[in-house]
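Before we start, here is the structure in question, set down as structure tokens.
Naming follows writing order (A, B, C and D), and every chain is counted from residue 1.
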């Protein structure tokens, strides 16, 4: 099979660096184009980047000449991954879309547009079906916020099996890698400390959940959100001294009575197989949700890399005095919550003949 | 004024060490007796203890000869502070009580006895009124669990002003100092990690809240708990990489409709003055609840020492999509949540002529 | 006694904030002037600053109107503390000096000028004697680099007693608070990590040691450095996950043979009383060097606050197979290594009638 | 090829767990026997172990029945890996040796015996040549102390090229995983802290270096240590808040004058290929020493996994004012410093027909 040609926008940033790592020796994609700011353009990537990953900069990327983030430089590119900052993503991604490119973006700018699918690729890749098929019209697909990804992963099988969830709360303990590194979270703010606030995050989680759990409109043109009457969502977000892996303490109530039993809930989580895996996508997790029975798990350091970070771990499923159930969810924020999700989304786009 | 004579049980442990620090140059108490295990008894305290506090071992305590935890060795002692492990506390504390001693205990063993007040001294020192007066009958007063202390502190003024709270959830992020040090939380378990479980803690929080917010029986003989119908409490407890200071993300609903406004809630928190301060107790916080308006506060490293750790900080008071309000609470677990609470309780006992 | 009038330059930065804290209720100084960048000038200090200290912003400072760092705005100021960044400190401090002010600076810019004393106030306040007396000629005194302060503290009594040290090595493990907070050390760089490099630090330590251990020229006009022949100094600097307190593993060789015994070395350290204390300076440590005999001390979290951070802790004094002795030194980098040193220097200036 | 049969002693401990992980799908060895304490014997391994690795317990090991550490239960075993605590290792390992087994031990007990090779497998596998060949006489091979491994790795190529090193100093910053987990380093001791002491470690480093850099006696019967006259070694050891990876700041002096240039030193490090790699051993690093030129590297979080942890990273090679050169060395303490070294040693034994 001929590999699809890929490009990365915002290639020197933290999300961009991870796109590059994940595209190294990828069976479906060949990374040819790297876009960054004017300051970096014209340089070899290895000269432009301050590489800060635990894996070495792959050889294939070292000599790619960085260009500006202009569609003119990305000729023939089948898919463009955007790790751009929100300050630039809105306009640049639109210009790529308008020029016929398929854009998979980690930025928040276009997430709320009704004809832009907001995708957690282990949850709702059916939403990709609203995208234009068989022609050269460009489109944008958005990756969800990192903490939303972990939240909705266990909800999907539960809603499928037991019907709507009408109340949902989450308190997050989020890793610092999610904040990028220029400057990200200052060390003095996070060592021996917690920051009980992440700007905009709670609102994103509460809103995005309603879109991701929403449905396709009858005319297949857009996504219909769950309404505030259908589901109430409350999020409280904290930054903690963890490098990678977002932990969430969630509680939920089903609309239907009687609620399923705790064993039914666990079984549904464990048996869930995401559509991306059924489609045979390369990065899709074999086990979407790892149900852990030890009472002190999941833990970020021990469990964040299940299925290369594409699997989500759920533990401590138990009854809740207020709602129906509470549980602890762990997801790898830079994999299923950011760049990794983008790669898997692109694999799904390919499997669905959308690129 | 003649100082009251004090003793400490479990003097070499982490709670015992803090009792000793807090009794250094205390205006009301003179520490004369130190009890520990057989292994330590007969030794000078400075030889028996592996001192691990940030403040130096006070000179006055160095030469006290450690005895076993037997009432026979504590003659003339007006108040006995117990930092004993739960393995030993039950029986030893009972024997002190039976021998006429006033015991202030940090252990969990006697907390559920209906004639034992369970006290957070900035919240419910009125519960001390069930204790026997003017005679030599001994009694036990229990300090609450550390995470319960932070939870109930802001509830007290809210209930006083706006009536009952009927639903309450908390997700805690607890410091490691609460786990003591033999061995406490292993470093490899907490560095770059979260442990989403603390044995017994959630149950304690859910139960203790109902006792602390409960009321004195008509015959003044015991504490009546709030019932499960009166208040539903859900707790999820996590251990995080913080040395001192428990952070809690709480949400609550008032029984009465309409609920108070957010400004009324804030005002009630800020204006609250605890009874211990009104009684003039030495350690009572001038400002019981520090209401913080910056959106990223309270933070444990920055805010845990308000009013020497006896004040509780509350921030991010805002409406909650599920219940009425959510907020972040920070309390110093070794002060208002453990040894410090014990000292302030004893000060209250003295002010109330109970010792 | 009438208090001297003080000002702070760079008042909104991390060093500036600590100057303000230390000047709160200071017996010798009254802080009246705060200088910062154009952006802050004209604002009340509480509006201009992003306060990030564990102690609250003192009331007295809240309403001071911040001015630009121009001598015209500091009329009548007896001493000016500079927490300016090196980018601005050079020129601004010179202009204050030229206008007759006494400047105590934490910046590196003027440290190498031969008529500028470079002072660790528990080590070499005799060097202040080169400053102009009894007239209104301005001067600059420089605070040493934070890691240099800890290094030279134990050397002083050893050189006094046993003669010159001719070889000295140090490997530092430095706290992140020393890096300020805009942005300082990124969290992702320091959590579960070490950064084995601090720009310029090793060179500073190697050079500054030679000036601080140097002597006053015969004409009392400048400081004569130790030469490379007199002392060889090797420094390796690391940033570690510690909030406050620099730990250094040092080794040293005396020039004179036979070298003193290990007990003599310990005794010299323990008996050392710094001149600032002899002069009765308010902040001077009662015990300059805390000699610790437990084999696992000093530790930054437990020992950094000895004598309010003005005392230096030394442990593990033992023979070294290469040089004569090795030991571990701990100093509080923001107290004796930065703002705190500045305050104590000013107290010494006052005691010596230099302001 | 038929795989050799392997056993693990101390299988439930932290080193034992890592042996099991590393033997999962190993091309040379098949793990059949697991030995542990009486308490665990008779249980399935998955029931006996508190598994605390970031990789899941391999399926193959789950159902192995744990036996006691008695040679009688290890019939037919070609190599026995010992992760036993020092309290038990001495006697048990001797009994295996006496019964004709090849033992590769991580314990310290037998390291100082002159006919026991002390091996860092990227440094001195020629020392294995003193072992008995072609018969069934058992033997013990010892893995070096974890911090010694990182220290001697860069020394080997330097000594080979430029002759003896006569002075060597190291200051270590060691990860907590090296301390095991029962209890290992307490969290409260390492968070926001450094422990400037590791019991016995400095002595081990100073002594083991002399054995590892020593030579085989003429009669090939034992290892001759370097004498104190030949090399002076000084070690200072610290425990820091890092999960994995020991960082060392080392300095060294060559005996021969003139010393090689810094470029010659770097070239020797970079060109070094360890014997284990030349022998084709499966786990041997392709690049033994990763020479890093960025001034802030190596860093444990970023660099500890080079060549799966079998490669050692060296950075900041520069001249030293006291000795000749200083540099920063990073090695993965649980791989090349412990269990991983054991596996590579066994591969070398196989390649040399010693098992």
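Simple rule for what comes next: a contact is a pair of C-beta atoms (placed from the backbone, for glycine too) under 8 Å apart; a residue touches a chain by one contact, two chains touch by 3 or more.
In this text, all values refer to a predicted model and were calculated from it rather than measured experimentally.
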Which pair in B-D, C-D or A-D has the same interface as B-C, with over half of the contact pairs matching by residue number? A-D
Taking CA centroids for every chain, report which one is farthest away from subunit D. B
Comparing the two chain pairs, does A-B have more C-beta contacts than A-C, or is it the other way round? A-B
How many angstrom between the C-alpha centroids of subunit C and subunit A? 48
With chain centres defined as C-alpha means, what is the inter-centre distance between subunit A and subunit B in Å? 42
Multi-chain contacts only, two chains or more: what residues does subunit C have there? 52, 189, 191-192, 241-243, 301-302
Using the touch rule from the top, collect the residues of subunit A that touch subunit C in their complex. 52, 176-177, 179, 181, 183-192, 241-243
Subunit C contact footprint on subunit B (complex, rising order): 52-54, 56, 191-192, 243, 301-302, 305-306
Provide the residue numbers of subunit C that touch subunit D in the complex, in ascending order. 167-169, 171, 173, 189, 191-197, 206, 228, 232-234, 236, 238, 240-243, 247, 249, 251, 295-302, 315-316, 320-323, 326, 328
